[in-house]
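Got some structures for you, see below.
Two complexes are shown next, each including subunit A; its partner changes from subunit B in the first to subunit C in the second.
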Partner chain A sequence: MTVDRTKLATERVIGVAALVVAVLAPTLFSAFWLNSILTQALILGIGAASLIFLSAYGGMISLAQTGLMGIAGYALANMVTQRVPGGETKGLLLGWDPTVGLVAAILLTVGIGLVFGAVASRSYGIYFLMLTLTYTVIAFLFVGSVTLIGGFSPVAGVDTYTPGFIGDIVTDRERLYYITLITAVFVYLLVRYLVRTPFGVSLQGIRDEPVRMASLGYNVALHRTIAFGIGAFIAALAGVLSAWWFGQLSPTTMGLDATIQMLVIAVIGGLRRIEGAWLGAIAFLMINNEITNRIPSSGLPVIGGTFNTVIGFIFLAIVIVSPDGLMGLWDRMWDALRRRGGPPHAEPEGGEPAAVASS
Partner chain B sequence: MAERIRAWGVVGTVPRALAAGLVVFAILYVLVIADPPDEFGGGNWRTTNTGSALDDPSTFLTTVLDGLTFAGLLFIVASGFSLIFGLMRVVNMAHGAFYLLGGYIAYEIQQRMTGSGFGLNPTEVNTLEWVVPWLVAMVCIGVFGLAVQQLLLRWNQGQDLRQALITIAVSVIVADQVIAHFPRTVPAGTQQFGGNAVSISWPGWTNRLVDLHVGGVTYSLSRLVMLALGAAVGLALFLWLHKTKTGMVIRAGVDDRQMTAAIGINIQTTFALAFLVGSALAAFGATVGGSQASIAQGRDGEWLLFSLVVVIIGGMGSLAGAAVGSVLYGLVFAFAVAYLPTTGNECCTQYSVVLTFALMALVLAFRPQGLFGRAA
Partner chain C sequence: MTEAAPAVEHAEPTLRLRGVGRRFGGLLAVDEVDLDVVHGERRAILGPNGAGKTTLFNVICGDLSASTGTVEIFGEDVTKKPARYRAKMGLARTYQQSRLFDGLTVEDSIYLAIVGVEGGRLRPVLVPGKEREIRERAREAAGRVAISHKLGEMVGSLSHGEHRQVAIAMALAAEPKALMLDEPASGLSRGERQLLTELLLGLDRDITLILIEHDMDIALRVAESVTMMHDGRVIVEGTPDEIRANETVHDLYLGRGYGHE
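And now, the complex of A and B:
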């Protein structure tokens, strides 16, 4: 067995084990852990997966994903909350049927994502990063300044109006956990499927050689726009789940801090592989949980400041030491193994293309 | 032509015609369609806070001035951002955090110099008490930016994405630290919770209105000073880049870094200098912006956005682009506030931020590299 096959088998075993643990989680972990760490990690992971999907297969590092998540959440909150005496007061309070609202919120987000994607479709690399960052900041300022749909104080009550097939998630947090888990698995499989379709393969071609793909007759801008739309769809799922999890929406969920947090998660996990999204999310939340409790209210010892300073330094260290994050470390470990111990004939057979296709 | 249309794909001819139509409509709206509100409320899609340019020329002129003076400030900050990018291909995501730190430093120095605490009477501040904080802030941020560049950005040149991520990390740390430690002086009776909104005072002589003798408009002198400072920065940068030897080296470095290094020029010194000046311009802008408005928590993200929008519109690394981008954005900003329809209390000036996106989308639809940018 070659090193690459061993690696693949190891990853499969780890993946299945992780899934088993995830399914059994409600019996294994405390309610706090389940709700605050695992559910949130799965949601943030879905958000990060939309970012990593675009970066790993489209070569587009998008900072618009938090903005799109927020747009989906705000759309849902405005559509489903009802105008009842003594009820919620903020937002449009359209009071639509929750199922209709859910579908409409996701469609709206995808639509906005397609417009965003079309505008950015001819920008590359660092330009793309900057442009998508402005999308999020604009979305943030929009919901903050338009008091009709939000304003700077939170819009609440979104979690009490869920579609029938979702059920009561306010009291039954285990239910929300499983819904999130199913969505996360769906997103993972969707991405794995998409990148093997002709569309996904040409998207990866565009990632590597946009000019060559254009001269071969592919519509580069259209491919990138559609990929961005798919990213927006995944972000919309994360946004809806996040709205249900928090139960309320405030502009800060799509502010600069949240955007950077999403990027930190994706970078900790690794921007090259989709698995990194959830790995990064759980690592981030565990660090967050460990550290936040230890910081006195007066700030960090000696230098002062909050958790942000700590995560800033962690982020800095990761970018300096391993820009590909934890998944990058993992891949490099196997590369080292292959170079040192692998049989000589393994090289041509199990080289880079196989690794890409299997990952 | 047929191939061209197909190649345009999503961003095709129809959207472009539509975009051009919208621009024409917006201009017509401001010039003739806009209508002042009735005395008794109500109104329709034509109702704005002020009348159209033909009905109410003085408000129109004031709005133009608002836009241009804001553009002066935008240019000061964005030109620093653009300078760093143009030469080194580093997108300094910490530019907003530098702005925040620079603003607070200037504020603290001014507080120490005047010694009168928060109840500072703006007419009593003399020019020196504004100039010294401004210079100190510029030197501090310039040196700080230089340190960041030497420690974190020098060894990984060419990896532009990694450098952007590094500057994001720096911005997170700096912004958090600034909020933890500034402002050090707050008004009596106010709790210092970190990141309080504070204002730097303009010199006293700017605190008056001047009569422009055009359409009976009187306008704030401090805002005109802001425009003058922006123009001065533009002129100084132009002369520096185009009339001095250092500027020549910088322009050569922008065009072809390797060739410039190969003919024996120490490009690293030039890089360091550009980062110093670019960072110092963030503090310059912060002193001016903090005098006109305020320095507060959240200003870092706002000014990062402003810088990004200006250079995305104008084209990265181009001085003329930064100037044109600033003017366009400043004008759109000012006109959105004055001329968006206001039917009812809830409508619609709060939607002005959407116009930021519209402006960017419009420019990028025609020129993906920005107005003055060169194809990457």
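And now, the complex of A and C:
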């Protein structure tokens, strides 16, 4: 008990410290770091949070999240960009009011997420994984082949059509950083709150024992569908921010590489705790940055290969050493502390032998 | 057939099965079962392993659909209704392998059992008054099965006996009209069995109890009527005394084989 309390207090301190650093980041880090590492880590973290929310609390590992991010980005890009004389931008160029476009893009993504979720709601494990991968592939091929909304060349200029309350994010990258930070904190608090509500506790029950939940009176498929819709909402936020950050949309943002990258981030962070999303994202980008700086473009010495080789090894090591990622490593450290230093009456009847059943 | 039960005077049917069968591929796990359980009755379902008792439970609660026949609960035909519908009508059950939520605390688990029948299952906000009331009921149910000291523990870290306690607390917390327990005593120590028997004997007479149990001491002490199953079929029904005296039952449990009745 005391160990648990110390752990909670430690996590609070770390959390607050991280937030303080995040708020002060523009004064602490270079413009490159702020934009390329921190802002991107927050965005990828929000995307990974949508994946981890579903896996940690719903037991659903979804590969649809990058697809949903892309859908939100493409929807936004098509809705808000305008026809410029002499320009050659792609897409529908609807030229809607950016605020309307923002809301509509998020709603559309949630709607598609609910449909996706309803179809997958009766599938579990590997079947769920494959179905959600299919969603991303469908989205990828759709935007790639329907030239009306984009095609394989990018839809550009999304970042210049932002709502008034978002402001100019093209020249003011600090502004974009803070918008992203606020969204990330919002998503984190949203998930932490949701999982304590009747909906969230039920979702965790469904994660552990769907059949039991049905016989307790729950509509398991509906519950999972709604959870998937919430995951789509979080992914939509990440998709919009990502579109603003990149300034343009191309199908590769939801390609297989991006999908695997999102999964790698979530696994490095840890699929069981929401905090892992941002931890994984920052670790991933820092490793990426270090390696790109240090490794010659000709590849690693002796074995050859570049960033993907290194991240592959790290991924492998994490899956073997700590399947629950960096957050899992942290939790295990505290478990070990509890076993060693915890109060003597912590778990007296741990291995009570079950009496032999008469039959 | 069921005249033996003393509770027959206010014989509103709690459960009524007609010709219920359940097929798994080529295997007929439950075959043409007729079963009537009246309000407030204590009914034990006995039979050797593989007799189809648990499958029958699954068909009654809706985890499995019936391949043939009809299932009526509280006077309503629910053959085509999902498990969640039957739970909300007031049918609660426990499972042979406890099927609990390893990643939730004891309190949250019981909380889920109450929310499941109370409504508000999809509510994405905390309503403080409601929360307090449901949590209070959850703690009360935990007290009834003497598991109050573990409310904050993860279910996955508990012992087998404690799992049974949690399962029963969950079933009771839903304030069911009918309670189905699938081998509640299996794996329990002698002391725990004693507690379980007392709990079952002290159960509100308004709750109908249907019990699968291999422990004859418990089953025949708690039950007022007994249904004996074998090879998916009901072979004998009667009072505990009649069952004790029945030769077929002896044959089955002594393993001399069945078929020379």
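Quick note on the criterion: the second predicted complex is superposed on the first by the 333 of 359 C-alpha atoms of A that agree within 3 Å, B and C clash if a C-alpha of one lies under 4 Å from a C-alpha of the other, contacts with A are read in each partner's own complex, and residues count from 1 in each chain.
Operating definition for what follows: a residue touches a chain if its C-beta (ideal position, glycine included) is under 8 Å from a C-beta of that chain, and two chains touch if they have at least 3 such contacts.
Predicted, not measured: the structure shown is a model, and the values here were computed from it.
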Scan A:V13 for contacts with subunit B and subunit C and give back first, second, both or neither. neither
According to the stated criteria, A:N219 is in contact with first (subunit B), second (subunit C), both, or neither; which is it? both
Which partner chains sit in contact with A:R196 here, subunit B, subunit C, both or neither? Use first/second/both/neither. second
By the touch definition at the top of the document, which applies to A:L131: first (subunit B), second (subunit C), both, or neither? first
Looking at subunit A, does subunit B or subunit C touch a larger number of its residues? B
Touch test for A:V23: subunit B only (first), subunit C only (second), both, or neither? neither
With both complexes overlaid on chain A, does A:V170 touch subunit B (first), subunit C (second), both or neither? neither
Which holds for A:Q204: it touches subunit B only (first), subunit C only (second), both, or neither? second
Subunit A residues contacting subunit B in one complex and subunit C in the other 219, 222
Touch list for subunit C against partner subunit A, complex: 49, 61-63, 82-84, 86-88, 92-93, 95, 99-104, 108-109, 111-113, 115-117, 120-126, 157, 159-161, 170, 174, 185-190, 192, 214-215
Along subunit A, where are the residues that touch subunit B in the complex? 61, 115, 118-127, 129-131, 133-135, 137-138, 141-142, 145-148, 219, 221-222, 225, 255-256, 260, 263, 267, 299-300, 303-306, 308-309, 311-313, 315-316, 319-320, 323
Can you check the complex and tell me which residues of subunit B touch subunit A? 7, 9-11, 89, 91, 152, 159-162, 164-166, 168-173, 175-177, 179-181, 300-301, 304-305, 308-309, 311-312, 316, 346, 350-354, 356-357, 360-361, 364-365, 368-369, 376
Along subunit A, where are the residues that touch subunit C in the complex? 193-194, 196-202, 204-205, 207-209, 211-220, 222-223, 226, 347, 349-350, 352, 354-355, 357-359
